[in-house]
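Heads up, the next two complexes both have chain A, just with different partners, chain B and then chain C.
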Partner chain A sequence: MEEQRIGVYVCQCGTNIAKVVNCEEVVRAVSDQPGVVVAKTYKYMCSNPGQEMIVADIQEQGLDRVVVAACSPRMHEPTFRKALQSAGLNPYFVEMANIREQCSWVHDDPQVATEKARALTYGALRRVAKHEPLERMSVEMCPDVLVIGGGVCGMTAALELADGGNRVYLVERQGTLGGNVARVDLTAPYLDSARDLITSLVTRVEEHKRIDVLLHSEVSSLEGFVGNFTATVETIWGDGASVSQFKVGNVVVATGYKEFDASRVVHYGYGKLPNVVTSFEFEKMLRAGRVQTKEGKIPQYVAIIHCVGSRSKEFHTYCSRVCCMTALKYAHEVKSAIPDCYVSDVYIDMHAFGKGHEDFYKRGSEAKTLFLMYAKNDHPVIRKAGPGDDCDMLIEVNEKLSGEQIEIPADLVILMVGMEAREDSEAVARLVNISRDKDGWFIESHPKLDPVATTTDGIYIAGVCAAPKDIPDTVAQARAAAGRILAKTIRGSIEIDAVFAEVDEDMCSGCRVCNTLCPYSAITYDPEKKKSTVISAVCKACGACVAACPSSAIKARHFTDSQIFAQIEGVLA
Partner chain B sequence: MRRPSMAIRVNPKLIDELELYGAEDVQNCYHCGNCSAVCPFSKEPYIFPRRPMRYLQMGLEDKLKGSLEPWLCYYCGQCSEECPRGAEPGETMMSLRRWLTSKYDFSGISRLFYKSGKIELLAVIGGALLTALAFVLWAVLRGGNIHSYSGENAFLPAASIHIFDWALAGVLLALLLTNCVRMWWFTMGRDKRLKVPFWLYLKGLYLLPLHFLTQKRYAKCEHKRPWAIHLALMLSYLIMLVLIMFFLGVMWSGPEIDWRVHVFGYLATVGLLGTTIFALRGRLKKSEPHYAHSHETDWIFLVLLIFVAFTGILQHILHRVGFDAAANVTYIVHLMGVVPMLGLEVPFSKWSHLAYRPLAMYFSAVRAEAMEREEKKALEPAMAAQSAA
Partner chain C sequence: MSYEPKMVGFLCNWCSYTGADLAGTSRIHYSPNIRVIRVMCTARIDPTFVLKALRDGADGVLICGCHPGDCHYSEGNYKMMRRYPLLKKILADYGIEPARVRLEWVSASEGQRFADVVNDMTQRVRELGPSPIQQVLAQDMAER
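Presenting the complex of A and B:
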């Protein structure tokens, strides 16, 4: 075997590493190791001069392997891989020793820390000697997109994608488009008609030549990986069903929410007291233009109760975000319909965070809506009023701002039911291979920096299915998801990391242990050959299958046994 | 089955009623508490304006009727300046004082006046005309000489007027006292949890004349001018009242009027005219927070006061320069102002605060001490157990 020529570069990271680790000492210790041609330390290895130094050494000294002892590879491995590539080396011939996060930042004894840094660098040195040249793969990216859910979110994403030139399959379970917003009268806080809003979206979607709308339909399976999914959709007609199949490159999940079942809160008497209605039932009254009791009377007192099913230990601890403004909208609409009516608004906190919300809240006050505050985890109790009372019901509650136990007269009570993950959210999550949080909402790749992507490439989530949000936020997410997909599909193909697991078919016994273990559903099973195969584009190289395989048939590229053992030997040397 | 409830019924209609008393923006309050934090008088157990504003929003009428807090406010206006929502807490307290005045009054006349300025104005005009008619008839029937101002043959002899003054004072005092007793009942008497030993009432009694004469609490406001103006007005009025009630005969018997009566009389007149002109100008220009909102009753009160002060000094001057007939006519006009002003305003309207405010200071101090005693008493067994252990 030809003698290897290795360069070792010890970064000081300003003083981050150098103040604890004696970098000169590490350089001295590795200089006489077999294969080491160059060993240097520098203030910032990741800086341009630092990278240029490595590139120059590779070219002038004929290096074929590089070790960088610096920060976590999560931080700068891509940087140094690029440097190697620009010097004409295979980018996988670099190995990083993490002497910052795992050494200088967590130790304060310079002597011991320097010794550990040396050991880690030795490990990297031995490992890099075993590295193999790897090539990245390019996979074709199908430009067509599957959008699940035909509400405001799904329609917005579909329009954005189709306007961008992509074909979109918009799958909706109901017989009409519009989702939950189609059940609403006006929107808060600007009191625009929800119907107008929906109508304009539906018209554009239906007329768009690149959008295929599939009503009464559900996605029954999704196979493949990013850029190359095959979706199977079942459509139920009046007397039969049909199945269609198409190829898509990406998927937008926009399945929305369902409202909380108010009858679960027993002390509100929903279902028993006829004039206790949910917010969606009240929307129906508003759309019909008839705000009245079940007996057909004009109510003199209307009470609105917030946080039904939300912000309580008993049901959901989260805030549903839209109910506060919707409640204020009801106060406004009731006062418009019945000017003599007294509206009580029974709330926990007024969440008026959005644009125009605080002004809308103030307008509610000015219109003499009586705001009554109750404590979180406390609850109002609704009962029938007596024959001597001038109202139908009485709501008893411990009012926080006065400290008094009070009863509020009411002829009509509106329960602001919160948002809940759909019952089948678990099935949808399994179908597209994404995860859910404890409340059933889908989990994003990063809650702040990557809110619409998921841990599965090619699967995006938008709107309320990820967490409660209002229409503007939903639209923003729908467009964000569409934008992400357009950015990916415009190149026609995607590059896939060369690091993934591979099955040696000769050694695979077909036991299928790895199939269920893979957290990314990256392993398929061929029943004819009785062998498992890893879809390299889906694999994240976590190594779970490698460790589990009883026949040692699975190898992780760039994490081979010999590489790992060499590293351990180096650390212990 | 219905369980018995201790809950207080909310009455969203009360806030509409209070609008007639001048509270227009209470609904805007969202209870940040800035007003109570900035108020120099708000401290336990009397937290305001926030608490009374809450009672008002919720329509807890009984709680409000038992509140002394509105009387502890002098409307310096800092709360209204600090209010982030324009809920005008200062004006709300003012309107609550008007509402409380109408609640203390058993006759319902006060309520009528506050709810309609027109009715009050009609009552004042009616009272003025009746007064004029009565005095002119009485003077003519007893053969009074319009050209004679003082002495036995005077058109309106001082001795008779003096008797009338005392009679009127007696009626007014009876009315006002009745209302004061009602105030005591609402704020102190009917509260079963409040146990006030009699000696506590006696002990605090000195507070009544102290607050009445010095208004020293008012002086604690950050802006001192309103206090100075108010004190000057009140003392001028008091001096004039004492002169009229006790020295009317002396004031009359010109040309040799006692110099002390002269000095006090002129002083009081200057005080009354100066302060009422200042207040009227302020209300017209809305120059200070407490002048920014004027209820009809505020105008009637000030106009009557300046009218009475002006006609009072005018009839005196006319008499001194020898126009006795003109002086007598002016005197009748003066009485046309005095009688409705005292007869209607003192028991039923704005002037009643001369009794309610010092009473509230007194009651609030007694109440706070009684509550503190009760609290200590409740703690005693625990304290004893602690020291025994």
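Presenting the complex of A and C:
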């Protein structure tokens, strides 16, 4: 075998790696390893100059393999594969050593971290020596798209995609489109009508000739892979059900959220005190144009309590992002309907982060609303007022700014309930094969750089199902997801990863152990030849068959036994 | 200097490797003894990978995959789960403490859990001391 020519590139990632790992030391340690022709360290390997340096070395020094010791391969492997390709090398001849996420960011002793970085780089070095050139496959991309969820997010994505020329199947569980926004009166901070917003979307969606709306429907299965999914949708009619099936190339998950169950916070008495209502119940009053107590009286005192279920140790630690502005909107709406009403706003911090929010807060402060601040995890307590009081309830607040315990009257209390992941988010995650975070929200491919894609090719997430957000952010994500899909479908085909399993027919004994093991039924058996074969486009490269084959006849491309053995030797060397 | 074990981790790409990356982005510190090797799924982990790591000098091997029911490939982790007791049995036959190999479930959102698992495993292997495998191998050679 001809001598290999390997280049090793140790990234400093600014100071992210270099402040803990001695990159020069790693370079020194790899320089004398077999096959290493070039070893360098640089501030940012992923930057243009960093990539150009690698490309130039490949061309000028005749490198045939590259190791990049830098961040996680989940971050920049595609970047360096492209760099290799542009230098005329097979993109699979690069291997990354994860010395940032799994080294410099988790260790603080420079000596130990440098030693670990060296070991990880040795692992990559030995592994890359065994890499084989692989060719990506091109498969047809079905332009049709499945959108799950008919709220603002799903409808926006559907319209964008359909306007772009694609057929869209919009699946909604409820009997109407609109989602949670359809339950809202006005939107903050510009006080536009939510109904107008929804109506214009629904009208366009219903009239669009390329959008098929499936109401009372749920996706029961999704099979296949990017560009070639088969979706099965069950529709419940008045007295029966029907099943439809269609082919789609991509999926947008826009399943939204549900509101926090206020009865879980016992000291607010929700469910026991009749005039303690949730924000959504109050929206209903506003939509009906009747702000009144259960007894039918006009409230003299209205109190709004923020962060119900949000920003709390007991329930959800995250901020639900829309409640602060919605609370200010309520103060405004109550004041407009009942000018003499005393409105108190009991909050932890006022989060006014968005466009127009701070101005809206300023206007609210000037409108004679009493603002009371309470400390996180030191919740106000609501109790029934006595017969001598001129109000229905009394709220005890340890007011943080004054340091005093204050009692405020209330005839109506509005609880700003936070957003939470739907109970079936786990089932949805499994259906489309994506992950959820600790709070049940769907996980994006990258929180900053790739917020609407997921780790499963062809599956996009948008709106609140990925984390709480307001309408403008939701719309932006819906359009982003649609844009990503349009960019892919316009080409008509897609290149898929060359990583899949293949059977060496000479070695295959035809035992068929692998046939039933494959979760995707990607392995077929030829009874004439008495051999098994992998359908490469269907294989998702898990490698279950490879480890199970008693004859070692199946090879996991890019994860071969010899590559992994070499990496084991490297990390322990 | 106190004894520091060498450990190899085999992590599935979708849950545990991402969880380990999350420990990094969250700056959750843990024992530096582990060297991670990424595989697509725990179902890909041939028991020979573990034996090879032990033979090449690892004092402990940690295998991490998606929680049961959460596998990216629907049921790959169940395949690992079934191989695991057999693997432990082989280790005992070789005279290697089965506690040197451990299977744990770490999801993509469990950066803290990954750190905890690594710390705990490192401590246990540290208590076990150096792997007897080099001795076993030498003895085996002598007997031949």
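By definition in this document, the second predicted complex is superposed on the first by the 372 of 573 C-alpha atoms of A that agree within 3 Å, B and C clash if a C-alpha of one lies under 4 Å from a C-alpha of the other, contacts with A are read in each partner's own complex, and residues count from 1 in each chain.
The rule we apply is simple: a residue touches a chain if its C-beta (ideal position, glycine included) is under 8 Å from a C-beta of that chain, and two chains touch if they have at least 3 such contacts.
Note that the coordinates shown come from a computational prediction; the quantities given were computed from them, not determined experimentally.
Once the two complexes are overlaid on the shared chain, A:D109 sits against chain C while remaining clear of chain B. Once the two complexes are laid over each other on the shared chain, residue contacts for A:L201 go to neither chain B nor chain C. Legend: residue contacts after superposition of the two complexes on their common chain; A:Y301 is shown touching chain B, with no touch to chain C. In the superposed model, A:N98 lies in contact with chain C only, and not with chain B.
Look at A:V432: by the touch rule set out above, it reaches neither chain B nor chain C. When the two complexes are overlaid on their common chain A, residue A:E396 makes contact with chain B while staying clear of chain C. Ranking chain B and chain C by residues of chain A touched puts C first. In the superposition on chain A, A:G543 contacts chain C only, with no contact to chain B. Residues of chain A that touch chain C in their complex: 72-74, 98, 100-103, 105-109, 112-113, 116, 119-120, 123, 430, 433, 435-438, 443, 455-456, 499, 517, 519-520, 540-544, 546-548, 556, 559, 561, 564-565, 567-569, 571-572. Considering their complex, residues 6, 8, 13-15, 17-18, 20-21, 23-25, 27-30, 32, 35-41, 43-46, 48-49, 52-53, 56-58, 69-70, 72-76, 79, 83, 107-110, 115 of chain C touch chain A. Touching chain B in their complex are the following residues of chain A: 301, 342, 344, 350, 361-362, 365-372, 383-384, 386, 394, 396, 399, 401-402, 404-409.
For chain B in complex with chain A, the touching residues are 2, 5-10, 12-13, 15-16, 27-31, 51, 54-55, 57-58, 60, 63, 85.
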